[in-house]
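Dropping the structures in below, format is structure tokens.
Two complexes come next, and they have one chain in common, chain A, joined by chain B in the first and chain C in the second.
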Partner chain A sequence: MQNSLTSRRNFLKKMAAAAAMTAAASMFPGIIFASEQDANLPKGANLDWKKGPCRFCGVGCGILVGVDKGKAVAVKGDPNCSVNKGLLCVKGYHQIMCTQAKDRLTHALVKKNGRYVQTPINEALDIVANKMKETIEKHGKDSVAMYTSGQSTIPEGYVASKLMKGAIGTNNLDCNARLCMASAVAGFLTTFGADEPMGCYEDIEHADYFITWGNNMAEMHPVLFSRMLEQKNRRGAKIIDFATRTTRSSTASNKSILFEPQTDLAVANAICYEIINNGWVNKSFVENHVNFSKGLTNMGYGLEDKFKFSDKPTKIDFESYKKFLEDYTPEKVAKYSKVSVKDIKYLAAIYGDPNKKVVSYWCMGMNQHTRGTWINNLVYNIHLLTGKISQPGNGPFSLTGQPSACGTAREVGTFTHKLPKGVVTNEKHRRLAAKIWNVPYERIPSKPTYHATEMFRAVDRGDIKFIWTQVTNPLVSLPKTSRYRPGMEKESCFVVVSDVFPTPTSDVADVILPASWHIEKSGLYGNSERRTQHWNQMVEGPGETTPDAWMTIEVARRMGYGDLFPYSEENHVEEIYKEYTQFHEGAKHGMAPLEVLKKESGAIWPYVNGKSTQWRFNAKYDPACDNGKDFHFYGKPDGKAVIWQRPYEPAPEVPDAEYPFWLNTGRVIEHWHTGSMTRRIPVLHKAVPEAYVEFHPDDAKRLGIRNGENIKVSSRRGSCILPASINQRGLPTKGQVFVPFFDENMLINDVTLDAFCPISKEPDYKKCAVKVEKA
Partner chain B sequence: MPIKSYLAHPEEGQKKALMEALSKIDHCDVIPAENKDLLIVVTDTDNKTDDEKVKESIEAIESLKLLAMVSGFNTPKNK
Partner chain C sequence: MKKRLGIISLFVILFIAFITIWNYSYQLGLEEAYIPIEDHSNIYAIPSESGVFKRSEHALDYSNMPIDENHQRSLTTYYKNRAYHGAPPSIPHPVEEHQNMGGQSCLKCHENGGFTEKFKAYAPVTPHPELVNCKQCHVEQNTKTLFTSGHYASVEAPKAGVNNALLGSPPMIPHQIQLRENCLSCHAGPSAPKEIRVTHPERVNCRQCHVPNNKEMAAVGTFKRVSNEE
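== the complex of A and B ==
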């Protein structure tokens, strides 16, 4: 007992020290405690350090996992990885500890007479395959669905897409990246005709200004933020935080500018107004490389089931666009954005200065927005008007939240409308997929079906009768879970959940499949800067845990599609990757061969002639540019990017007399998304054991609310009780409350609204109206 | 039985003195950064009273410019 207590205290001390090292690294980039890291390693251990990417966010830090006698015992940052240069955040250092959790799912569980019964994996996979087949026979192929993840590996996403679209012949496949990245995708496609950022992390070393749009990078992308801080300290680069809440990023920045929720649309237009009005337009860039368009307005908010919207772009000219911007003078916009005229002009002057390089960063603040595609377009407008794009230190850069939101969700295409190359609506793309998959072309349907929100609405309505979720926890992460939890509990739908730990989603499953964790399988991820990263299996998983890709393959074979899935268990990751890369052959999206990825800490696509392309669309760096000009936006038929005329429109639900507060939701540095992994890592769980509701001190004072007091946060959809947090981590503006969503015991998404951007179909978790009262 | 970690910032040129002073305090481990003026301090005490005493002792060191708690810092104290 004494030994166990001593060892637990030693462990906690090590964790406390590691947390402090991480905090130090974010304040002093490049700080070294190397001797102590080595001193913490198990005595006498003969560690074999294996390389891979971090399991958590989309930054894609390189890690080295120390393996001793078949067990992962240590993690350190990979000094040879250009992404993080040896740095890691607090989550990264502790990631492997979750695998030791006592409630780890080690065997398949099948619900029998209301109880979960441990079942051999082969038997469980038989049940899944039989149920899927039987459902299709009875109700048609569109009655079954898969919902996967931006944390799925590239092979996992690929076989899920091949099973659903190529084998079964349904587009009922979507993923949780719909909840975080879809607006960025729609923004890139509408403006450039090609998804994903054009720049790379090396921009950080070149930029004079970093403007973060609703993006708390100090907590969500801490390693990149520490790289920015290094540039701030070393050569005076400036960080401007433009947000609706004061965060750790705001306090570490040179300037913090706060705006009223939703009015980022108006401020972006006001910046463009100023750029034009002051003669800061890069005329030759605009003349040579840009078209102007407008789309439909008053698009709605997707609140109704089966909501449909298709934009209708119309070409306009520069003069019409200029006229449109007259509604967005700084003086007009300041009135409702609560951003001063001076600050709007300050932002415009930064972008407008031809001698300053500017990178704009954003993530959920802009993407989780009922006008998410528009605000993405509007930030591109700023960079296109000034020609500050596709050059070292100049560019718009949407960051991802998950480790393979780009590599899997976007590139493999695990969305209902996507294929590994292109979209289901394009005959050429369907024919290419059919050829590589060796299936009849007619089998791949040409129409998208359900995006994430509508998929769970269809479950609730009884239209979907079988759903298989992998690597995701929708009953914590979906908006308005107060509807979708009862929906998933209905007997009309057979639910299969594949995961590493029990979650509120596995609680409603008919079959729970035990998934291998990250380092217990081989895989590939793709990070925010188009970097593809490979790792080999490092340790064995417990019990009958199995890689998701292999479970999908086994189910496909049991359903009679064995000839389409000829992969070997030992080598399926490599075999799948080789098949997949055929989709992207060529200079525009060529992917690095596996041999290169095994050797290096990832490679950036397009990978051409043995070289990563760091800045796309710029002829100096990108071999795919072939129009003879300095820039070539080859995603568009005429090689020109589009400046979009997009207005400000209000949020669907705004505070009123009954529900007087804005509710904003988000994350904290210690926890990964819904907390299913990080809440099982003791040092992280102890650091932030539960969610809370942040108040502005003036609102708290007015309502007589004290720190720690239980508060009921209610909307028209549901309620949640949380302790109050005043003047602690973040500071919401007056009239706004903030709640992190990681805590499955305090489900704030019961309260949120399932409104979404009609173009990207990404929900808005940042704005709805709530009331607060003492519980 | 609190375990806490802190970042200790020394007064200019006083890193070594701070390191020495911290090393003399019971229940207190020190990890210096190799290339920056910063030390990590981890305290391990039996109860809250001892924890406060250790913290007071650290804060009384003259070569200490600033002590910032990390482990649990800014965590809502809701219980």
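== the complex of A and C ==
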């Protein structure tokens, strides 16, 4: 008896100690980790650690760069950054190594008689400005274009927008975020009337279930996934992977559910059907905070040039929505989605359980989709029907792929239809921009022109005669590069490319401008959770490398817009940010002041009264809610979010007898986007030296394909030869092949289709039909 | 009359039913015995990807475990037991059961490890407990002499602490991972050689930060831009 009592006491003591340890570790799991990294550093290394965000993905980890005698020599995770708490991924730890690559662009290169001639940067900028001016005089404002990036810093995006829309007066500005985030934006605007997620990464610490929709987070958002794994191991939170391909994430998840490409639309509707049919609807939430609408169907796929579409929303009532869902019973959907009735009901039961907190994560699987806006809407429907939104641990969360897709592309608005606040079609928004920019209001055109794909079609047609790309590599990343590469090579268009390294895009340039890399300039990024992050220049760049923002300003001045760009070279980043934040003043989008951003590892907007707003639209956390209710979706005039009736529609090109395989494209953890940086980092290149084409083992067996054998993948548009990969990094479903797109020596985008979502204009890189044969 | 007709028709019905049922069962009996083959082909684990998470349920225990300073293994003893680095280790202790494959008996100690009084050591944990024919690759060493000596080429084993590209950056994986996909089995717990015992086993997704530096592929040469002007 005595014995058992002491052992029980002992046990309780141990439990308490363990609980305290767990609590401490989950609060600061990274601090221990980062200090261990310090411990591993050789003694005598007297490093100066400088704070900034990571250069790569949209997670936006805080990094500390070790600088020794003016050179960046080490990287570690910032233990004070709440995003990553001291942890990074393999790309993050080695990022600075790319700057030392031998073929770094250090000087401006101007093409003369077919050869690139090293030219002083001032002369090169003169050439660019003169050419741009001359083209406008000869062919009009809409003959010049700029194509920027979700990797542009906030100041870079801002001056590009000001130059194109405010100074020149054309909407010919779009960015590569059109290829990755446009559907997310359109989804947010149609459902909530306000862009960007309502929740934040802290949801991970509260959720019981993580459901990932077509999202291989273990490789694409590894640091967030590590936070999820931590919750899985410590608290028993569950990860459910809903995808078209078995990946590292699937193997780490509690459950992996595979579906046939494009049928996510039907499965999402089936989940809503089950929720309504089983009485799991949060009635008071739906009554108070939700409207029902439907839009046009059979929208088309944007395959033809100058394709136009605008949706016509009509309000509907709950009953007709319910009736619409009858086509999406789990039994009907199971037939073509290849998801079992049981699994559909399982997913619905998780979303429907009022006692379970659920976060949905997605990124390119849902966004790069010819019905991208719809599938974003449909997942919001699930969360709105159950009222699981805008609360800690409950909510839909759209992840981004680029470090400032949110901060620059979406918030500054480097899209053809956007302004730093609002859209060009809205007179009020144009007047505000004109006022802050100090330009005549009439100068900002009210009609959007070219979105990314259409912009390069216009180059091919000869409508655009001058294009300047910054911080992006479209001739690897556009869909159907087999059309757009010859298009860019045409004499009719003068091509200026600003980059850090030579790329297939700079290969077709008339002028190449040498850009400063990340830590060689100061800047600001904005990550997926609305966090604005600032960094100061840490090291000097080589040769005549110049920050992109400064090159834009220099060209603007040479074109005679000097009075609109009165910034100083040393301090332009801060001056521009201060001017820019005027656009977002107020409780709904107020940005943190620079002083705060310099001190802290980023701050989440709306930044109101010295505080980040972690959960928008929830009156408990968001000071902008003023309708007196618990939730306020203030993006919409009546304060209500919208549940959209969106049907399943097939993909534009599906496998047939001649082209029997689906082609899916994506990334690997080691490489980032087109690989222009990561392939120049020895550690990453050694780990994954080249692209490959993944097969399902059964398909490989049937076709007699062995691992490593060269395979020609061809579509109606082009072909590409790659080594086969069987049962290695990933496992596509039967009848599907997968190719990572980072490899400029194996351009899989020559094969992909340039169909896009008619609402968001974002292309679908995940689905087209191909055939495979031994090469 | 009516009654009789009723009885006759009842019998007719019963007879027809009998014929039908008998015929049906006779036809069934003609079919060959059939045992459906279960199709397991749709279960593919991707060993290189799933292996890393295999022992993750023990990760928290590993990180909370105190280190037994007196009974640590070192890399030297780890390599000593292998013909070359990456070779299957030989069995360094006497084995009593000679008839079996090893699975049942070896796994008793080597599936999850633990301290053995007899050897005053922690049993190493196998990264592939699903392969139960242990003695297929792991054999005893019953003599110290050689049949004939020879010039065996020696492969230099990777060293610990020198595999990072930058100061303090996560070391790369300097060895092949085939059959050793599960990192935690060798890099965590009391049987892990002290030089390679990970400080943060709770991180689980090892290959988020640590990537192999010697791909088991034909050399693809250095990355060269096809269209570089120079």
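Methods note: the second predicted complex is superposed on the first by the 731 of 775 C-alpha atoms of A that agree within 3 Å, B and C clash if a C-alpha of one lies under 4 Å from a C-alpha of the other, contacts with A are read in each partner's own complex, and residues count from 1 in each chain.
Everything that follows uses one rule, which is that a contact is a pair of C-beta atoms (placed from the backbone, for glycine too) under 8 Å apart; a residue touches a chain by one contact, two chains touch by 3 or more.
All figures in this text were calculated on a predicted structure; none of them were measured in a lab.
Between chain B and chain C, whom does A:N233 touch in the aligned arrangement: first, second, both, or neither?
Touch partner of A:N233: chain C, not chain B.
Going by the contact rule set out at the top, does A:A687 touch chain B (first), chain C (second), both, or neither?
both
Which chain, chain B or chain C, is in touch with more residues of chain A?
Counting residues of chain A touched by each partner, the higher count goes to C.
Looking at A:G708, would you say it contacts chain B, chain C, both, or neither? Reply first, second, both or neither.
It touches chain B and chain C both.
Could you look at A:H632 and tell me whether it touches chain B, chain C, both or neither (first, second, both, neither)?
After superposition on chain A, A:H632 lies in contact with neither partner.
Is A:S725 in contact with chain B, with chain C, with both, or with neither (first, second, both, neither)?
After superposing on A, A:S725 lies in contact with chain B but is clear of chain C.
Just checking: does A:H518 make contact with chain B only, chain C only, both, or neither of them? Give me first, second, both or neither.
neither
Kindly classify A:F225 by the partners it touches after superposition: chain B alone (first), chain C alone (second), both, or neither?
The second partner, chain C, only.
Touch test for A:K165: chain B only (first), chain C only (second), both, or neither?
neither
State which residues of chain A lie in both footprints, the one left by chain B and the one left by chain C.
21, 32-33, 36, 683, 686-690, 708, 728-729
Residues of chain A touching chain B in their complex?
Those in contact with chain B are residues 9, 12-13, 15-17, 19-21, 23-24, 27-28, 30-36, 683, 686-690, 692, 707-708, 723, 725, 728-729.
Over in the complex, which chain C residues touch chain A? Could you list them?
41, 44-50, 52-53, 56-57, 59-60, 64, 165-170, 172, 199-200, 202-205, 207-215, 217-218, 220, 223, 225-230
Once bound in the complex, which stretches of chain B touch chain A?
1, 3-7, 29, 31, 33-36, 38, 40-42, 44, 68, 70-72, 74-79
How about chain A: which of its residues touch chain C in the complex?
It is residues 18, 21, 25, 29, 32-33, 36-38, 40-42, 45, 47, 66, 73-76, 87-90, 93-94, 96-97, 103, 115-116, 218, 222-223, 225-226, 229-230, 233-234, 246-248, 251-252, 502, 504, 507, 669-670, 679-680, 682-690, 696-698, 708, 727-731, 744-745 of chain A that touch chain C.
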